[in-house]
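Report on the following structure.
Labels run A, B, C and D following the written order; every chain starts at residue 1.
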Amino acid sequence: MTLTVEHTTMPVLGRLPIHSSRAEQVAHIAEAARQIRIQDLKLVHYAGAGHIGGDFSAIDILATLYGAVLDITPDSVTDPERDRFILSKGHVAGALYTTLAAFGFLPVDDLATFLKPLSALNGHPNRRKVAGVEANTGPLGHGLPVAVGHALSAKLDVSLRRTYVLVGDGELQEGSNWEAMMAASQYQLDRLTVIVDRNRLQQGATTKETNDLDPLPDKAAAFGFAVVEVNGHDHGELLDVLSAVPFRPGKPTFVIAHTHKGHPISFMSNNVAWHHRVPDVAEFQQALTELEAVAPGYTKELGMTERSEGIIKHSLPRVSSAPGAKRGRG
Amino acid sequence: MSIVETSIADRPRYDCRDAYVETLAELAEADHRIVGVVNDSVGSSKLNSFRKAFPDRLINVGIAEQDMVGVASGLANGGRIPFVSAASCFLTGRALEQIKADVAYSNTNVKLCGMSPGVAYGELGPTHHSIEDIAWLRAISNLTVIVPADPIETAAALRWAAASDGPVFIRVSRMSVPKVYDEDYAFRLGRAITVRAGDDVTLISNGTVLWRAIAAAEQLATEGISARVLSMPTVKPLDTSAVVAAARETAGIVTAEEAVSGGGLGGAVAETVVQQHPARVTILGIPEFAPTGSAGYLLDHFGLSPDGIAAAARRLVTRGT
Amino acid sequence: MTLTVEHTTMPVLGRLPIHSSRAEQVAHIAEAARQIRIQDLKLVHYAGAGHIGGDFSAIDILATLYGAVLDITPDSVTDPERDRFILSKGHVAGALYTTLAAFGFLPVDDLATFLKPLSALNGHPNRRKVAGVEANTGPLGHGLPVAVGHALSAKLDVSLRRTYVLVGDGELQEGSNWEAMMAASQYQLDRLTVIVDRNRLQQGATTKETNDLDPLPDKAAAFGFAVVEVNGHDHGELLDVLSAVPFRPGKPTFVIAHTHKGHPISFMSNNVAWHHRVPDVAEFQQALTELEAVAPGYTKELGMTERSEGIIKHSLPRVSSAPGAKRGRG
Amino acid sequence: MSIVETSIADRPRYDCRDAYVETLAELAEADHRIVGVVNDSVGSSKLNSFRKAFPDRLINVGIAEQDMVGVASGLANGGRIPFVSAASCFLTGRALEQIKADVAYSNTNVKLCGMSPGVAYGELGPTHHSIEDIAWLRAISNLTVIVPADPIETAAALRWAAASDGPVFIRVSRMSVPKVYDEDYAFRLGRAITVRAGDDVTLISNGTVLWRAIAAAEQLATEGISARVLSMPTVKPLDTSAVVAAARETAGIVTAEEAVSGGGLGGAVAETVVQQHPARVTILGIPEFAPTGSAGYLLDHFGLSPDGIAAAARRLVTRGT
């Protein structure tokens, strides 16, 4: 199996016009996420490597951010006032590249070079080689400190640009994150949003078996964050929450996005074996069939048992202004 | 001691992690003090069978390398012999100060096993490449640094480490390699092994590159160049007399390692040579953050192939004549 | 000024017999603490270096541990079943050496070599050179992981030996501590006790100005510890709490010991300038006078404002059995 | 360029941190992008005046070195030019992977200032000694490593770093040193400076040891030995032509540095010499965890005194004749 341009079939979806309704936005994100998953599945299958479990757990978040939340376009990737998104769980580079391609940051054809000799598309993202990548990640626990630094720079500039960082839940076992969270709270970085891909699995086992994160909302709250929990596969919830930050003036936001690794593929979902397994031909076909059957706008219902015990409730204001538009940008 | 009858490149290949986990289990069976310590790296260290056999004795601290090394130091304080097993890039890069203070300077009986070192992680890129580990650790006092070349040497080095008291770092390769040694190989700390005799030029290597150096010597032999191949599993302490003898007796030395081309084995050899017997040395390694590519691709790309090593040796011999 | 044996005047106090009453124990600890402070003051003054602020903030804790809590004597420093004490805030090595001398672990005369060329008494403790030192500390954030490792070894041995570690409050900004706390909780290390020297000052400023730790009890509780707060200069409170751990079966204990840097010297107490300032002759005399005037058994009253806001209440059982004796050692 | 009229040992001494903070303030005044980033190290970096002048632009993340370097990288992403200022031992040991990934590999415009390096912390012991920093950082690609010798060179290197785009590490000495350079000194990256001409033997040094090498040369001159003294502020990239010229033109090279005696400046010189012009080199440094003692005591203890350096040079010259 070799990855070729024939396998880079994804349409470029781009952003909806700014006056689109929330329903239109949500449908657009859902379709983008579906296309991104199909494309990412092809990348991993044909390249013979990747982290499909973590990719699929994060894609709805990525699609929401790039599809409707972040103030960044292919033309503004070097604009100092762009929003920043930092993929701290850098092992899902494949999902990021595919998302960047879906929204026009990266030629779709370039995806065919994924992991190939001398390609810009390394197994972990490289800001020197891929426009739209903000930090070279891969070692866990690096993105959050970098995001804090960026949010600080925005604060120094009295700019309204926002900083989002996506971390894995297992990743939160790294102490560097807690250092950064303490500092984010101290500096009252309320335009910083940490999104946790709370799939409850890490590389080898569940987070609970390995080094339990719970009560995660309590931890984040005790470290000075406003905590919100969402269904990380529900594009509407994600859109509402991610566009509405900050929830508490003066506090950075901690969004616990409840997800499943490998979602929504029947045999991958919530199965730790799929951290970096590569689907064989039969699995590939099956996954493709499942993805093609998914109606745009699907979400995964996560039972409350999968949420944390001590949920901290926040009113989630509906976004009335166009998502992605920064209100009051100075 | 070494097998050189058939071309080394044609022999079956082994992932040294298999020898690692087999040996660790064998050691743990014999000595209850031995425990494993990992950072969510059970699978990548191939320790699933170990965990099954010794469920309490595989301590997984989660994705937390600083804690992992500190915990190992505390376990040693409590009389255990911890074998820390984590991707070498994270073990050494993330926990370097713990290695310095809690292991080397505290002189605790901790064995640090750097898994999948060098460019083994290939396409995962420079964040996952551990080409700096040897240079980083060589700079720390009171720390033995071992880079085994095959499964036999990996097992032997582990046995030696378990039996010796004090801080040891051992690289455990993931890139598959042919066997270089016979099964009766005995690891001796700080001793080079002449895996191939020769007087024209010397190749000094270890780890996954050693067999490539041997293959280079085979190639050179067909051209009438007799290359001595020194296996240098112990980077620290270095076998300086073997290096000096090579400097004295051959036209020059080529060092070849799966590591940054300065500060590691090549650096140690250079420092010995200039201080004890100035001679020409060519240092082969990985001089920069590697581009995307598989481990094998990258080694070839940076001239760490049999051809690349042979070419460097040839240049030394030609210059000498 | 040069440190000589003439300045090592401290009496060796040793431990009280095991059947001594609590009142006797408390008085003994108090006198030990006073003597240790006098001796430490001399060390720092004559050696011309040291961290007197942090020394004085920790000495009551050290005196309580070595004077009545830890199951360790000069004869058992290599006994595998000894309790372990790890001084994570290694910059107060002077206080540790003096305490070790007070209880007979180190010849008092040896204190005259403090910081001198080739001395065993380095500015940070060295386990290879000083009997009774368990880990070479100095870089902050190392002791707690090491303590977790030791507590794990005890658990593997099914031993009742206990592990205590003293950390600075500023030190808790290091992420390595939170990694270790997560693991301690995961492994249910209830014979591990973390003591925080909560003097609210770090090297250059207050913890609040630098990187606020509060709400510290909430943080520790969210990381799975049973949290207790004590007056860190009240020997009775310290004795009761430190001998009574664990408070919650299956949970490691987090003792927040409220202290003042430089306590009880009028001009040093709670003054960040004394982190590593060396008292000049006049200051030395004044401090000595104050220490000599202090009645054995003094404690410092800490107002509730100095305690954390969200105090977690724990009943503090009086220790009925002899302090220092491990109940039920198997 | 250099002042060599009076014995260097008799000149007034300076703490390079003063030049550091003065220059940083001057640069910050002229360029709003410049910010300081510290780990509770305001006082130890002498940055109190800077904080007064630029209260918002001194970012103290607390005692959290990993975060400190990550934050600096993020600040650079936001267009700032962060000067990270922390004890070199903790900056490099604790945040090494952040330096590798967030600074060097990410190619962010971060300036890492390793304060009080080497054995400056004297009696505080090996945990606080930063003798490994040069070797550790030299192994990382895409990172410039500078070790200035006096306040003038410290200021010049800082100005150069502020004006250049990319990752730089600069050691800022705490041990007081005499001025080695004239006020008009201009820092040039990767260029050795011949601070004293000579043909018998070469001394290569930097940092706090450079003036000791000059004093050694003065001493050798009285014995009729003409020692060339090369100041090598840039350890990476190294001025290999100056090294080769020294190897070619003099009886040998003595390297002397306030760092571990392998992998640092000495290692870089050795690697150059063996590959380009084999010659005898003596590497002076600190070969082990230092015992208790003041910084000055320790340098003397390890032969990094004028006498020690002169003795090493003398041995090279004698051997050559």
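We take it that contacts are C-beta pairs under 8 Å (C-beta built on N, C-alpha and C of every residue); 3 or more make two chains touch, one makes a residue touch a chain.
Not measured: the values here are computed from a predicted model.
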Chain pair, most C-beta pairs within the contact cut-off: B-D
Gap in Å, rounded to a whole number, between the CA centres of chain B and chain A: 38
Chain centre separation (chain A, chain D; CA means) in Å: 42
Chain C: positions in contact with at least two other chains: 126, 136-139, 141, 173-176, 179, 182-183, 186, 210-211
Set of chain B residues in contact with two or more other chains: 61-62, 64, 66-67, 89-90, 93-94, 97, 101, 105, 126-127
Chain-level touch network, classified as line, ring, star, complete or other: complete
For the chain D and chain A complex, residues of the former touching the latter: 35, 56-57, 59, 61-62, 64, 66-67, 69-80, 82, 97-98, 101-102, 105-107
Interface residues, chain A side, partner chain C - complex: 173-179, 182-183, 185-186, 210-213, 215, 218-219, 221-224
Interface residues, chain A side, partner chain B - complex: 49, 90, 115-124, 126, 136-141, 170-171, 173-175, 202-205, 210-211
Chain B - residues contacting chain D, complex: 89-90, 93-94, 96-97, 100-101, 104-105, 126-127, 131-132, 135-136, 138-142, 260, 262-264, 266-271, 273-275, 278-283, 287-289
Touching residues on chain A, where the partner in the complex is chain D: 80, 84, 126-128, 134-139, 141-142, 144-154, 156-157, 163, 175-176, 179-180, 182-183, 186
